Amino acid sequence: MTPHTLQALNTISAGDFIGALGDIYEHSPWIAEAVAAQRPFPTLAALHEAMIAVVRAAPHEKQLALVNAHPDLAGKAARAGALTAASTNEQMSAGLDRLSEAEFARFHRLNDAYKAKFGFPFIVCVRRHSKDSILRSFEERLTHSADEELSTALTEIFRIAALRLDQKVVADDRLKVSGRLSTHVLDTHLGKPGIGVAVELWELPADGEGRLIARGATNADGRTDAPLIGGRPVPIGVYELRFAVGDYFKARGLALADPPFLDIVPIRFSVAEPEGHYHVPLVCTPWSYSTYRGS
Amino acid sequence: MTPHTLQALNTISAGDFIGALGDIYEHSPWIAEAVAAQRPFPTLAALHEAMIAVVRAAPHEKQLALVNAHPDLAGKAARAGALTAASTNEQMSAGLDRLSEAEFARFHRLNDAYKAKFGFPFIVCVRRHSKDSILRSFEERLTHSADEELSTALTEIFRIAALRLDQKVVADDRLKVSGRLSTHVLDTHLGKPGIGVAVELWELPADGEGRLIARGATNADGRTDAPLIGGRPVPIGVYELRFAVGDYFKARGLALADPPFLDIVPIRFSVAEPEGHYHVPLVCTPWSYSTYRGS
Amino acid sequence: MTPHTLQALNTISAGDFIGALGDIYEHSPWIAEAVAAQRPFPTLAALHEAMIAVVRAAPHEKQLALVNAHPDLAGKAARAGALTAASTNEQMSAGLDRLSEAEFARFHRLNDAYKAKFGFPFIVCVRRHSKDSILRSFEERLTHSADEELSTALTEIFRIAALRLDQKVVADDRLKVSGRLSTHVLDTHLGKPGIGVAVELWELPADGEGRLIARGATNADGRTDAPLIGGRPVPIGVYELRFAVGDYFKARGLALADPPFLDIVPIRFSVAEPEGHYHVPLVCTPWSYSTYRGS
Amino acid sequence: MTPHTLQALNTISAGDFIGALGDIYEHSPWIAEAVAAQRPFPTLAALHEAMIAVVRAAPHEKQLALVNAHPDLAGKAARAGALTAASTNEQMSAGLDRLSEAEFARFHRLNDAYKAKFGFPFIVCVRRHSKDSILRSFEERLTHSADEELSTALTEIFRIAALRLDQKVVADDRLKVSGRLSTHVLDTHLGKPGIGVAVELWELPADGEGRLIARGATNADGRTDAPLIGGRPVPIGVYELRFAVGDYFKARGLALADPPFLDIVPIRFSVAEPEGHYHVPLVCTPWSYSTYRGS
């Protein structure tokens, strides 16, 4: 995806505009087409809202067609390379490319049940999810009515579109699609930030092994140079921060117990709002620590 | 082991006394024999000290013989049923009966190196240890001089004797051989003890899976009815307390995030003093917690 | 008041029984008289309940007479020495003997308004209160109906009676009339209880100066040898614990900032339940601290 | 003081330069004069260092003369209006204009003793101090040798000069003369910043009453809009932050104890480094709180 500036999108021909944004909605260039005449858009948010309005105003069959234009999640298509490039990329992010045979079968079963009940594929904005939360969502949404589900599917499609727009278009404003996961180490034995503390961020699936998704060390202010997750949604799921405070205090020259009372400190928490800011600090000494959802 | 009262031990015949305490020191009834004439002992501690004094005053060869009377740790004897009953029991407690092939080989190698260097078996009071800490200890002690190691071996033998005495003899005093691991949950969202919080205590070996060693639920005072470990040494090692605070807060009727920010809270810490009191409380809300080594 | 054993009270003559407990209810020996025939009482609680039942079963005028038998709070009587010994003692405990001229006038005004509205004196169990909470209670109760106030007055009289009974009678059970205020210092810089920390407990009136009501130093377990308040109700009011942690850490030989970041740590809190247990620990380092209502 | 840009100071005539910076050092324009020829200065720090170098290179008598050019602290001059405008302003900042008779006499006595011993006035950069810390400093410095004191006096003069330069000259760089005192309220009952919490900052002199020096309320991020102290040194001294958490939690609609367990939470701490950043957060629920020196 080559990025476009909003300014350019406002001035190019309608054809070029549709060419540029035709794939914001999966296989559905008619949505870009419908808003081309409304240009210029003062902000990216205005463009996004206009496209949403087109979908909401469309007749039921057209909405259904939009939903049906999306690939089966984790279905045969995912393995056959028939997805759009954007879809492939998105489905990988939740770990859907790492399904075990059993998980693959489970997704397949849920997908079949969903299609049998609703007549259209299960759509979810996978970049906001982990494998586990997709599964939970799948099971919960199977209990909905068809109307509820069409509405939920459109909401998810708008989220996907927002992420694609935000990535493809350079504008003065950004869409609210990204969350943040950050940390901060305070050494209250010393009364200063903890510097050089190794930190790992693990994703913990409900069963199966954890997966290391970021690592770093705290800088002079006790923070990692960049957020552990930033510039994208923080997938709904269970995480564990692991702080190597034993090594840190040893490096400070403290005489610790052997083995030290605290060595690796794990902080396990869940993310429920992918666009939220999860600041999870560690305030610690060799004998104590505390944490909280900060800001 | 039938328990004896100190009072009875002070008054029975020397022969019966030796019969009762002859196995406090492995295959070495001469130590009990040597103190029989010093009776009566006012306290169990006095009896223990008297036996230690006999060993310390013994000639070098007799001390070596005492050390050599002990079985090889994790050696062939452990699998052939040739240990004294007390030894078998003690060796199981550190998980030495759960060695993998690789671990068994490693212990064997270390044991051979140790015997080759010092001419006597490696002795450690296993009830104060986990598999990992025995291994670390093994490697460290291999670097000692022969004199240092004889001294260390005797110290360990005295610890073993203290545990056996404390278990076998009923007296007004107890030897300081037991530690304690306890917890306490304070719910600072409510301002009261956390009642009915499920707690698990896991032992975490350096590699390999954790092992659940105790579980319970907090009572009306936020504590488990009994210490998670008590009445025995707390083995040197790494532990994790796991508190099911998500379920607890849900049961209190709070509207939590979905999934809740905190669900299972793990607190990982190490024990370095088997006879110490490790009080590890959890002070928590649905959004924060703290812990410390308490008292 | 000489204490009596419950056993003795159960067996002495009715006359002696009335002589012993005739003043549990102010100038109203008829209540003791009415329960004398119900003896023996298995517990102190049973005796207390029986006396309460007598009052509740009495006709309206008799209940009013009981209420009217009580002295005006902070009224002329308080200065003329006309109170029963028990009353004098109780009124002093809330600081009613330390009223300023303005406070005295305010109490007098409230008292007059109360008597004008209800026709009987304002009764409160002063040992459960501070000057400020009596004043707040006075103002709130003035808004009640006459029926509500008679009921409230009796509740307060039962509380007074319970305190007098609990003090006067020795039994296997105690009435639930006492609360507790305790503390605990944990030094998480060291990982041990804070030993020898000077602690003061101040009562803070809404206006005017604080009053030191207890002082102590923490022992080897980080606690004061006795609760700061115990064996009696903890008066409703505002308190401040002051911990001399600067001196403590200096005595431990730590190199602190000059002046130290933390010197005297004040913890201010209110007591709302005089019979509750207020455990207010301090978990601290030279650079941090936390506190909570513990248990 | 009209501010000058560094750029302008680098290009104006030597005479104008001396006119502009002649009073950076009290009644000592010769220092500005000596650096005029070294222009241009790339940074404000370079200019400051150059002036310091001139003083350090000056002969002993000239250094003494510089010291002697400063007014007596709290002396007669302070009351007679004979100070330079800059000096008057600086002496007011530590509360030297609010001395009681007794304090005035004490300062006077110390000043006399100091001048008698060293032959020059006591110089301290008052904007870095409170009344109490000046007094402590006075007493400690009286024990120094004359050489030490000349050196200390020059250090203080350089600090005064840095503050004056930083205020008078606009440059791309700033001298490191300012500290910061900030706070942050986290409501861990809710898992969000505490919004609208009233905060007061008090200065607490060793004896005598506290003085309110700043007040504010926390914003949507739980912070005050501006630091409580910023853009200037944080005077060495004892402070108390007071957070009205009782009102805050009441406003959130929580059912609290009556009176609430926590109402006004005082956090008392000392500042030892006027150029440091003192971030003192409050992490609280209605039943608990913690604080620490953050960053």
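Think of it as A, B, C and D in the order they're written, each chain with its own count starting at 1.
As a working rule, a residue touches a chain if its C-beta (ideal position, glycine included) is under 8 Å from a C-beta of that chain, and two chains touch if they have at least 3 such contacts.
Since this is a predicted model, take the numbers as computed values, not measurements.
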item: Distance-maximising chain from subunit B - centres being C-alpha averages; value: D
item: Type of subunit A:subunit B copy interface by residue overlap (half), same or different; value: same
item: Centroid spacing, where centroids are CA-atom means, of subunit A and subunit D in whole angstrom; value: 47
item: Computed distance of Cα centres, subunit D from subunit B, in Å; value: 57
item: Residue list for subunit C, restricted to those that touch at least two other chains; value: 186, 188, 191, 257, 261, 283, 287-288, 290, 292-293
item: Residues on subunit D engaged by subunit A in the complex (per definition of touch); value: 186, 188, 191-193, 221-222, 283, 290, 292-295
item: Residues of subunit A that touch subunit B when the two form their complex; value: 133, 236-238, 240, 257-266, 268-270, 272-273, 283, 287-293
item: Subunit D-touching residues of subunit B, taken from the complex the two chains share; value: 186, 188-191, 257, 261, 283, 285-288, 290
